[in-house]
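Reading through the structure tokens given below for one structure.
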Amino acid sequence: MLAVINARLHPVSSSPGRGGLLIREGKILEAGDIRVPEDTPTIDARERIVTPGIIEAHCHAGLSEEGIGWEGNDGNERSDPITPHVRAIDGANPEDKAFRFFREAGITASQLTPGSANIIGGEQLVAKSRETVFIDEMIVLRPSGMKAALGENPKRVYGPKKSPATRMGNAAVMRKWLDRALAYADKKDAGDSPDFDMILESLIPVVRGDLPLRIHCHRADDISTALRLAEEFSLRFSLEHVTQGHLVADTLAERDVFCAVGPSMVHEAKVEMRGNGFENAAKMVRAGVRFCLTNDHPVVHGRNLPAAAGLLQAAGVPAAQALKSITLAAAEHIGLGDRMGSLDVGKDADVVIWSGDPLDARSFADVTIIDGEIAHCRGGDSGC
Amino acid sequence: MHAYIGAKIYPVDGPPIDDGVILVEDGKIAGIGGDLPIPDGVEVVDLSGKVIIPGLVDAHSHAGMWGDGEGEASQDGNERPGPITADVDAIDSVNPHHTSFASCREGGVTTVQIHPGSGNAIGGLCFAAKTAGEVVDDMVLKAPTGLKGALGENPKRGAGKDSPKTRMGTAALIRDYFARAREYGRKRDEGKSPDPDRGLENVLRVLEGEIPFRVHAHRSDDIVTAVRLCEELGIAYNIEHCTDGYLIAGFLGERGIAAHVGPGLSSRGKVETANRHEGNAAILAAAGVKVCLVTDHPFLDARYLMAYGGVAQKYGLSFEDTLRALTICPAESIGVDDRVGSLSQGKDADFLVLAGEPFSFKSPVLATFIEGVEVYTRPTL
Amino acid sequence: MLAITNARIHTGTGETIEEGTILLRNGKIEALGKDIDVPAGAEIFDAGGRPVTPGLVEAHGHVGLANEGVGWEGDDVNETIDPVTPHISALDGINARDRVFDDFLRGGITSVQIKPGSANILGGSAVAVKTGPNNAADDMIIKANTGMKAALGENPKRAHGADKDRAPYTRMGSAAIMRDWLFRAREYVEKRTASDSKTGYDAKLEALAPVIRGEIPLRIHCHRADDMLTAIRIAEEFDVPYTLEHATQGFKIPEYLAERRVSCAVGPSMSREAKVELEGVGFETAVAFQRAGVPFCLTTDHPVIRALYLHMIAGKASAAGIGPDAALAAVTASAAEHIGIADRVGSLETGKDADVVVWSDDPLDGRSHPVRVIIDGEIVYERE
Amino acid sequence: MLAIINAEIVPVSGDPISGGTVLVEDGRIVALGTDVDIPDGTRIIDAAGRTVTPGIVEAHAHVGISEQGLGAEGSDHNETTDPVTPHMRAIDGINPRDDAFREFREAGITSALVPPGSANLLGGSAVVIKCAGDIVDDMVMKDPAGMKAALGENPKGAYGKRQGKAPATRMGSAALLREALTAAAEYLEKKEKVEGGGDPPSYNAKHEAMIPVLRGEMPLRIHCHRADDIVTAVRISEEFGLKYTLEHVTEGQYVAELLAKHQVPCAVGPTLQHGSKVENRERDFRAPIALIRAGVPMCFTTDHPVVAGQFLPLTAGIAVSWGMDYDVALRCITLASAEHAGVADRVGSLEAGKDADIVIWSGDPLDYGTFADVTIIDGEIVYEREV
């Protein structure tokens, strides 16, 4: 049991109010007006703001490690543009310092994803930022999606000597393998036993619509191509980055496409990122696009995700919605809206006590609680 | 509803109309004529002294896929590894926000057939689109409209390890791939499900007559090889560029082939274009070839397609044929003449307002309309 | 003449004037203070009590050399042909029309020192320019040659040793090359000064001569503490003026630096540990420097962190412990001193350039933004 | 002797003359006007209803040196072994049998400045030639006619990107250019000191080639597209006190005032080119119109074969459609081009005493459908259209 009292609660799913949280076995037992049983360890929030843990919906923590060269870089299996059979779980290092920085910044969960060098890059997972040496102890959901990519990255990595070398090639390579996976799945369903093929086997949940394909796309035309492909194959899918989504915002809103937008803090690093910035993200929000914010850690450090939400606010999005874009909306994006992202009874006790307004870059996460346990306390135990 | 009155109209599928009227409703031409009653409540636009022609149709363009100062990151025209990339589709490479579409609108080009590049012996699917929009899928007029093929220098310059080294090799590759497609189709028809292969399926669409093979060929021997191959395979086709066509005009004319002649205003940068001649279009047209003037954008900037028409006319193409070569002929060649290429009731309201008679520097495009919407207005510098 | 009235003026040197007025005439600050008479005919901008600061100064950047959203055609940062290229000049690579300058104006930055990249041991001369408004770099110059870029640590050995299989391969190698050229330059200067000299013109040595003569500093890129010490060792050996750029691990040796009054441009502190040598990157160094009395300023190292967020970085440094006055100085007056242009910019004082920013709110809050940016008395950016 | 009579004469340097006569003798124009006596035995061309102008001058064309319809065999404009090759001479690479010369004559282009390409920072000396002849030396009007230089993408693409050699950046290009200029200046200084008893420097072909540039005897002709490259070109030229011209000037509209201040001659184009590079992204007619308005001396160029030279008049026509005065546009392909090339004393306008380079047009010379009916170079009919 753990209690947080005297808090200014921002539950995200409902309006802010004063109150506390009662936590048992890693879950929120009571929220708001709570009754604290005797001898319950209690943190006095002293009127500080308390929010759900921040969620980074798209990142490469553990795969592209902090402060290490190629030895710690396991994000892109560049041997072939189609690698659905590789899994983030086999590359993510729980000891990557990024997770510590996450805890210190109030980021309690993240979706770990292979990079975007490949058309189909591999299986993703969602991890809590817990301190452990066993990745399995961090995992909330696996697989949480299958990484895919369009646009510049695959064609830069493989072209011009090898396909894909163009955007047409990107789509063609994707179609080719989805076609094959469908044929393979059909054969299996028909009782034929095709020769075992690990690549096709890994794609079955994708072509059957069980596992979302999470498609990296920046430019508006790449977004259109992603939608075209997803529709053709009736995929479950989400879009990742969506830098120029404002140009096709109505379509995205109409089709209720899940979009993880970002990293909006970064400069126009590539041609396909022209116009990158929070103004575009804000336009998407205003158009009603289903939206969460990502820093694409390490492209922008995940610990700056609350600051990014602040910049979204500065671009004209109401603060509550900006906060939602890094909590509940992010949880929904990764398929865990029922477990995380808000301070509701029954949800995981991922909680942050802030030194100030969480959207002000000058604020600190004073206390970070993951699954009911104190994972970070600024200024040592005395701070709790 | 809008009524555009007062201009001289070249409908292309009928005689010119002095002081004509075009009625536009819901993006379509609701009426056109010299003495047309204007219904009440219509917004009237007076274009006295101006000239209206249909929006230009460019049968060979790479708009949205490369060039125009975009640099290497936006080179999406040739799926290099080749030599056969029949499985790719040009639509997946087209960026509607690319400046090339603005160039098209400025030049009066309202419909383009976008091809993959000519780096590969079989390059991929072509499609037809309007030149204004945010999402390429919404701009599509027809897809696919053909399968791109290439002969001559480009495919043998290919970077792929299997790329052909000679013209003989290119022809052999195409023959072989079409044979495999036939085999694939036979298996499929027999109910044996072959491993899915989009490339072979796209070629089957050509073999089954759904779409034509559109073959890039400059030199006369390449053109003849294209004819030989396609006749042998029994498929519909046309010739792209057709630079040496005038040297074998009779051979092409007796077959009634469509030739997409261009890019205009270019120099002779390659050996296979050494015989380039400005009179090519006129000679081909006289021989009965269906001539379309094309930009091959970006190689001729679409802004200057009208100037190219002027040069073709200068070298003997009649005024009417020049106008047709930029409108209805390419519309027919692409298979979209039910909607564009001329101005008649029921067709899309794609038209240009010119300052005067076409094909002079004195009559630039003042405004471009696509489906009734003014998508370009000439600025003052 | 332009008068900004009703402003909360932060002069950049630690002073704050409430309800103050600033008079700008002929591109200079004519007067500022609480009781300033606004002459008849002056254009008046009522700041409505909002904060007004000097135009921010970015001490270190590659602006205009690395064009936004363009490939190799617009990449003019590193002349990696040779590890020693002192004869090149940043001025010759600046694309004054690059959109990046918009980013600077949007971030309230009015002056920037532009340097060649850090791939080379001796990289070329730097230049200080205004960030707008112009089409020609030459019209933007504040000071033509502000120093000689140099670099130690990972970058030169990666760009040459690892990528090109030539010296330097190691940190020892880098130091040796730097020494060798400084030695040759010293000899060159002596010989060319001698009246009977037969020594022929040498572009590289000629470019190093002002360093040897003490006219411009070496500006040495270094992250790790040992690289910083190497930089100091060499500079003292040749008795040339110098500054340190980045100084990421300065928190390990603040007293050593304080003793020598070494000016350091610290940053990009919001970055991740993208390289081994960035271990410990954060705000600890700024705090340590503040305590020990090391002269320092803060930099974004755009595009590593977008220049747009320089004021957010100052805010974070403030929260980390240096306090608001020092934080603002670190992106204004101290930065101008670091570059050597403090006689003209970096603070609001009579006679200085009329480079002024009116902010929507506290500039140290990352969410605030400039509503007016004024350079040389001209409004170059407006936003409401 | 040759007389063109009944013509609508547009001399460019003066007012048009209706129904006039141009009289030619020994390759020169001896008289023009409405009142010209035609000696007996003169060959007469009746140009009734047709326009007569000076021969068109192409101020920047790689004709003969980057040949048409040939591969590498006919490509002789870029000596890409070294970014500094001032000792190359365009005249040594020109093939008078390049078919493009025929096209030029058919399009009324009678003279051209031929520079080396733009892969090198210092590419070699340019030459001005007439567009008819079998032996290039007999075609020469001026040699050398400027030293070709280049900034921007081309040198760093040719060396940094493709060969791993300097320059790799714009900064590197500027540094190498400065180094070459400074080294040559020091060489020249030593040479000049010889008379005072100094040791002569050992012979250096590159430095020798740069001497006329340093002495201001011929201009540096600097390839630059983007505004910052234009500014760098001006910066370096002013630094060394050089005579210089700018070539291409695609983004000239952004720095028109600077160019006007220094009165830098600009050859603008190829405006009809496609966007082959990032640096020519903004090619259109804004630059020429802005330069003319600002009072910058300018002319048009096709940069043949980048755009085929025959479309130079058409380029001027399109400029008129964008608002350039007709007379100015025509001047920009005749007299202004001749001034840019440094041969205005001989060609570019119809004046008594000038070379008899004359074109009789079927209609308005700037319109798309107009032919050069007759092209005359040095008084000889070098092309006559069959009608």
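Things to note:
Order of writing sets the labels: A, B, C and D. Residues in every chain begin at 1.
The definition used in the following text is that contacts are C-beta pairs under 8 Å (C-beta built on N, C-alpha and C of every residue); 3 or more make two chains touch, one makes a residue touch a chain.
Note that this is a predicted model, so its numbers are computed, not measured.
Chain pairs B-C and C-D differ in how many C-beta pairs are in contact, and the one with more is C-D. Using CA-based centroids throughout, the chain positioned farthest away from chain C is B.
Each chain gets a centre from the mean of its Cα atoms; for chain A and chain D, those two points are 59 Å apart. Distance between chain B and chain C, defined via averaged C-alpha coordinates, is recorded as 53 Å.
Averaging Cα coordinates per chain places chain C and chain D 44 Å apart.
For the pair chain B and chain D, the distance between mean C-alpha positions equals 36 Å.
Counting partner chains per residue, chain C has residues 70-74 touching two or more of them.
Taken residue by residue, chain B touches two or more other chains at 70-71, 73, whereas all remaining positions touch fewer. Residue numbers of chain A whose C-beta contacts span two or more other chains: 270-271. Shown here, the protein chains touch in an arrangement that is not a line, ring, star or fully connected set. By the contact rule set out at the top, the touching chain pairs are A-B, A-C, B-C, B-D, C-D.
Contacts from chain D toward chain B in the complex involve residues 68-71, 99-100, 272-286, 289, 304-308, 311, 314, 317-318, 320-323, 366-371. Residues of chain D touching chain C in their complex: 153, 156-157, 160-161, 164-175, 178-179, 182-183, 186, 226-228, 231-232, 234-235, 251, 254-255, 258, 277-279. Within the complex formed with chain B, the chain A residues making contact are 152, 155-156, 159-172, 175-176, 179-180, 182-183, 219-221, 224-225, 227-228, 244, 247-248, 251, 270-272. Only residues 66-69, 97-98, 265-271, 273-275, 297-298, 301, 304, 307, 310-311, 313-314, 359-364 of chain A touch chain C when the two sit together in their complex.
Note for the complex: chain B touches chain D at residues 67-71, 99, 265-271, 273-276, 297-301, 303-304, 307, 310-311, 313-314, 359-362, 364, 380-381.
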